[in-house]
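Should a chain be cited, it is by its letter among A, B, C and D, assigned in written order, with residues numbered from 1 in that chain.
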Amino acid sequence: MQLGMIGLGRMGANLVRRLRQAGHECVVYDVNADAVAMLAAEGATPADSLEDFAAKLTTPRAAWVMVPAGLTGDTVFKLADLFESGDIIIDGGNSYYRDDIHRAKALSEKGIHYVDVGTSGGVFGLERGFCLMIGGEPDVVKHLEPLFATIAPGVDAAPRTPGRSGAPSQAELGYLHCGPVGAGHFVKMIHNGIEYGMMAAFAEGLGVLNNADIGRAAAAGHDAETAPLADPQYYQYDFDIPAITEVWRRGSVVASWLLDLTAVALVEDPELGSFGGRVSDSGEGRWTVLAAVEEGVPAHVLTASLYERFSSRGESLYADKILSAMRKQFGGHHEKPST
Amino acid sequence: MQLGMIGLGRMGANLVRRLRQAGHECVVYDVNADAVAMLAAEGATPADSLEDFAAKLTTPRAAWVMVPAGLTGDTVFKLADLFESGDIIIDGGNSYYRDDIHRAKALSEKGIHYVDVGTSGGVFGLERGFCLMIGGEPDVVKHLEPLFATIAPGVDAAPRTPGRSGAPSQAELGYLHCGPVGAGHFVKMIHNGIEYGMMAAFAEGLGVLNNADIGRAAAAGHDAETAPLADPQYYQYDFDIPAITEVWRRGSVVASWLLDLTAVALVEDPELGSFGGRVSDSGEGRWTVLAAVEEGVPAHVLTASLYERFSSRGESLYADKILSAMRKQFGGHHEKPST
Amino acid sequence: MQLGMIGLGRMGANLVRRLRQAGHECVVYDVNADAVAMLAAEGATPADSLEDFAAKLTTPRAAWVMVPAGLTGDTVFKLADLFESGDIIIDGGNSYYRDDIHRAKALSEKGIHYVDVGTSGGVFGLERGFCLMIGGEPDVVKHLEPLFATIAPGVDAAPRTPGRSGAPSQAELGYLHCGPVGAGHFVKMIHNGIEYGMMAAFAEGLGVLNNADIGRAAAAGHDAETAPLADPQYYQYDFDIPAITEVWRRGSVVASWLLDLTAVALVEDPELGSFGGRVSDSGEGRWTVLAAVEEGVPAHVLTASLYERFSSRGESLYADKILSAMRKQFGGHHEKPST
Amino acid sequence: MQLGMIGLGRMGANLVRRLRQAGHECVVYDVNADAVAMLAAEGATPADSLEDFAAKLTTPRAAWVMVPAGLTGDTVFKLADLFESGDIIIDGGNSYYRDDIHRAKALSEKGIHYVDVGTSGGVFGLERGFCLMIGGEPDVVKHLEPLFATIAPGVDAAPRTPGRSGAPSQAELGYLHCGPVGAGHFVKMIHNGIEYGMMAAFAEGLGVLNNADIGRAAAAGHDAETAPLADPQYYQYDFDIPAITEVWRRGSVVASWLLDLTAVALVEDPELGSFGGRVSDSGEGRWTVLAAVEEGVPAHVLTASLYERFSSRGESLYADKILSAMRKQFGGHHEKPST
């Protein structure tokens, strides 16, 4: 079937390619004309404006918006101005699910349907397929199902779960209609929250391995500020962390795609010298914490993993100065200089 | 080659089976004679006492101890009394790596070698192979390598990491000599610490999904103790969590063996009615935190995942009572009854 | 000067009493006629309806709303319907500062001024005075200053901070105009967030003291699920926690009003037998976390203290069941029964 | 009565002064002869060697050791060599309570008594008195009680707790015999753990206040890495944090000595420009976490406050690099440069 794609960055372009490989027709648009030209050269139908894009789509139109998070709302509403009752706008980006609810309500006044799709798979999705978490009206989602089934990895991407048999369910094919509007991005939000937590688990654990040679350091001088390491003999290990991440890939409980990627990264850059350690966060981790708080459900791990990213960017500096200021007041402690 | 196995529980028995399938000879012993008889029926050489066990092993002996954590030390030392210089004792259980250091030192006085092996793979190891993390003297570990290579999953258990080519390294075969005595259990300790963190990430995230229908609950009465949910319209989702864990298995960033297992568990018991939510912890998670603290490395996520297990068993009750007592004092707040 | 008070619960009634003791005139209203009658008996001017309340106030009217959080918005808007341009409505409850911004904007269309006041002091405020954090237009706040100065504790309530001299500042008198509308409740929100963190610090620390006799427990049986306590000789203390909280009150770094209250609570109920350990949370702790997340500032401690309250009410149960379900899958671990 | 003091740093010197003001006799020694001379000039009896120190003390000797943590053990054992059966050695420093247990056992073989005293009060102790937490044999502690009563602040240092009447208890006088050897430092350890948590609560809360103007920052460009701040209108506050800490000192629930000190620090240096934010930790915080873990008691807040100090010193760098490396692998995300 036909799909329009707005936003031809890494993800959008790969979605188009995956759809076209399966015989779907794609109309493509991007503010960057070069991106349009590249996909046109691969066989997609180019559009040179939103108007042109709308004109080249057959009604009922289906358009997938895949633009940076801050631009999604504007793009959706501009498109809605050009679309008609019965058309469908799909937000495949990393939108806040609450924005989905607001947008769907606004679009419904014109009879336009809104579908939110959380998309996971990163730069590997073209080859592996993308995991799709979908929210929207049941019949609209059903109408789009041929597209979702193409984009998703398919049942063979993983061994079937014992207890599941017969024709594979949607979920086993790699896409899932999760509920009404917003449900797709809600599930994607939690997915990313979990991703933050898993990443932090690996990062912290490897951090402890990395410091396991601390007992070899020359004994620090005795002062009232620092307790000497009681038992340096227990911290004499010089671990080969690239090898350790590799060995865990086979047979261990922590085997995972994130571990696979960590092993790749450590082959490419064993000392991680190309990284400064400033870790971005892009919305879903924050929204996951907001949801946990509003629901009254504890999420120590997911939240800590978010806060560690804040700290990595220096955002705890004021608090740390307050601590040093207090210590100076009650104990006369002066800060130890960095060594 | 020949290996003696002491402790024929789930793990020990499967190690023996995996070794024997590859043609190694196994002498087996357990305090439970039935366990010995079962493996003897499968072709292993039975021993009916530690003395008999020692006598049936060819020098230089190699014995693998796979008994509950609290019994490992006693077993190792009893065996050492029966062994001779040049023999090897392998601790394949979940020992604290510091105990390895102490034991190895004690055994070295008699010329007996000590090797510590962290073993991951759970109940699936017989089929998948076990991931082995090994500490000990280089030549001793090298001597045992045929056994380790058999027990480990082998290179085909996972796609090779891009950048790794030629003959597979130890790590790619699924076992790794991590360093001197204790190094194997140190790495296993961190592995389990990471496992705790990953498990908590999934558990917390699914917990937030599970409560996403909170906006449907009848509006709670207004009182000074509880803030009403500001926006119930955002919490109207009734998610199919078994399907969500299934869809994440294909193409998503959180794909992992732990996710696979969660999906299985949710097929078996979709409402988790067979669980009470009292979560055990068995040592490595605690030791990981101790190491982080002694090394001065932050481990928010790994620690929180451990503490959540403590809380699941009611261990925060006293602290919670203190909080209620304080609230009563300063605000006259009385505890709200459970509803 | 004159002030109207709506809401004569614990806090509202004590505010009226404190104002009247200093000679201010108070018009009082509550849906509970008994509460009105009680304060009328003490000399306040009673009102038997909102209309009566508005009528008895001299223009420009000043009315303080002190009702449960969930009712504040309605009360403010009903009152605004009866008030005129130039009148002032003060929200002294625990409102979300964002609601202040919305309400002030709505009221400004009618020329009515809105002032938000965060009030701390609990049940002791009548005697000690209340700490006031104020947001609103500068001249309006200035107009109300005689009331704030009366309600606040005054400079003598604490020794002056070294470096502050001359006429006491507002802050030293115990009230502070913190900024534009919402600023008062923002500062109160953070105040309560800090309060949660301090309370949790005490609760957790006392929890560790309380369990310091764990080494005396009969050694648990050896099994694969639980690591035995390595060094029971270090956990043989039977601490007198009421005495410990008392001794800390004099000369120690943790001396604080919360410690004083904890000491009182432990004199009243040394074993805390009257508490079940279900700890409420009333909004500010949650909003503090939301602010930290939106600002991108780490708040590990404040957030953990909130989540511990959630856990105390059983809200981690689903996550805990997930953990047990995972453990059963990979390790065949069955839950240990509660003992 | 007579007391010997070894270690005439800030704390040791002030203890001597406080004892002498009350008429006790003090023999003093320090490796720094100037420190000895200064206290001799104030009337203490100087010693120029440990031997001289031991000789000038009347049997049964009582000596208080107040040296840096790393030197305490050596000092205690050197002193024990010079002392006789019946003499008493008091460790008033910040020792690990387990070291107390070991030392007391070693000294008991010679008949020397060991008393551990946790001392809180910081640089203000000379004037305010020190809060003393004491472990040791009952009759030995009783023998030393005149010294403890002098050092402690006395009952008038705080209003009596309602419910306590009659002759003040030890705890009300500001010192407490907490239990057998090690009990004093155990309680001091937890005290400091709580102190860490309280400090972090203030630091984090003030950090959120400090960033409450984030909505004023020029809107960041739209990119896929960062979610734009959804509602900048809610973060327009420019708070006067010195004034806020001042106003909380009177009447609020967070009133505390740590708040008093924070207010002082912010008068001295309102922008905290003299601090770099590298926060030391000196042992007790770490030991508190170890105790929580070994006891199986959750301590989210106390642990997070410790880890934040580690992070303030850059100890999360490796973990943060791992996170960036993972993000690059799965998402092609490159680190954003510091701006």
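Just so it is clear, a contact is a pair of C-beta atoms (placed from the backbone, for glycine too) under 8 Å apart; a residue touches a chain by one contact, two chains touch by 3 or more.
As the structure is a computational prediction, the values presented were derived from the model and not from experiment.
Engineer: Which one, A-C, A-D or B-D, has the same contacts as B-C for more than half of its contact pairs?
Structural biologist: Comparing each option in A-C, A-D or B-D with B-C, the repeat is A-D.
Engineer: With centres defined by CA atoms only, which chain is the most remote from chain D?
Structural biologist: Of all the other chains, the one whose centre lies farthest from chain D is A.
Engineer: In whole angstrom, how far does the Cα centroid of chain B sit from the Cα centroid of chain D?
Structural biologist: Inter-chain centre distance comes to 37 Å.
Engineer: Suppose each chain is reduced to the average of its Cα coordinates; what separation in Å results between chain C and chain D?
Structural biologist: 28
Engineer: Taking each residue of chain C in turn, which ones touch at least two of the other chains?
Structural biologist: 122, 200, 202, 204, 206-207, 210-211, 230, 253, 257-258, 264, 281, 286, 292, 294, 296-300, 304, 307-308, 311, 313, 315-316, 318-319, 330
Engineer: Which positions of chain C touch chain B when the two form their complex?
Structural biologist: 9-10, 68-71, 94, 96, 122-124, 199-200, 202-204, 206-207, 210-211, 222-228, 230, 257-258, 261-262, 264-266, 269, 272, 275-283, 286, 300, 304, 308-309, 311-333, 335-338
Engineer: Would you pull the chain A residues touching chain C in the complex into a rising list?
Structural biologist: Of all residues in chain A, those touching chain C are 253, 281, 286, 289-290, 292-294, 296-300, 303-304, 306-308, 310-311, 313, 315-316, 318-319, 330.
Engineer: Show me the residue ranges of chain B that touch chain A in the complex, using the header's touch definition.
Structural biologist: It is residues 97-98, 101, 120-122, 125, 128-133, 152-155, 157-159, 161-164, 169-176, 178-180, 182-183, 186-187, 190-198, 200-202, 204-212, 214, 229-231, 233-240, 243-244, 246-260, 263-264, 267-268, 288, 291-292, 294-302, 304-305, 307-308 of chain B that touch chain A.
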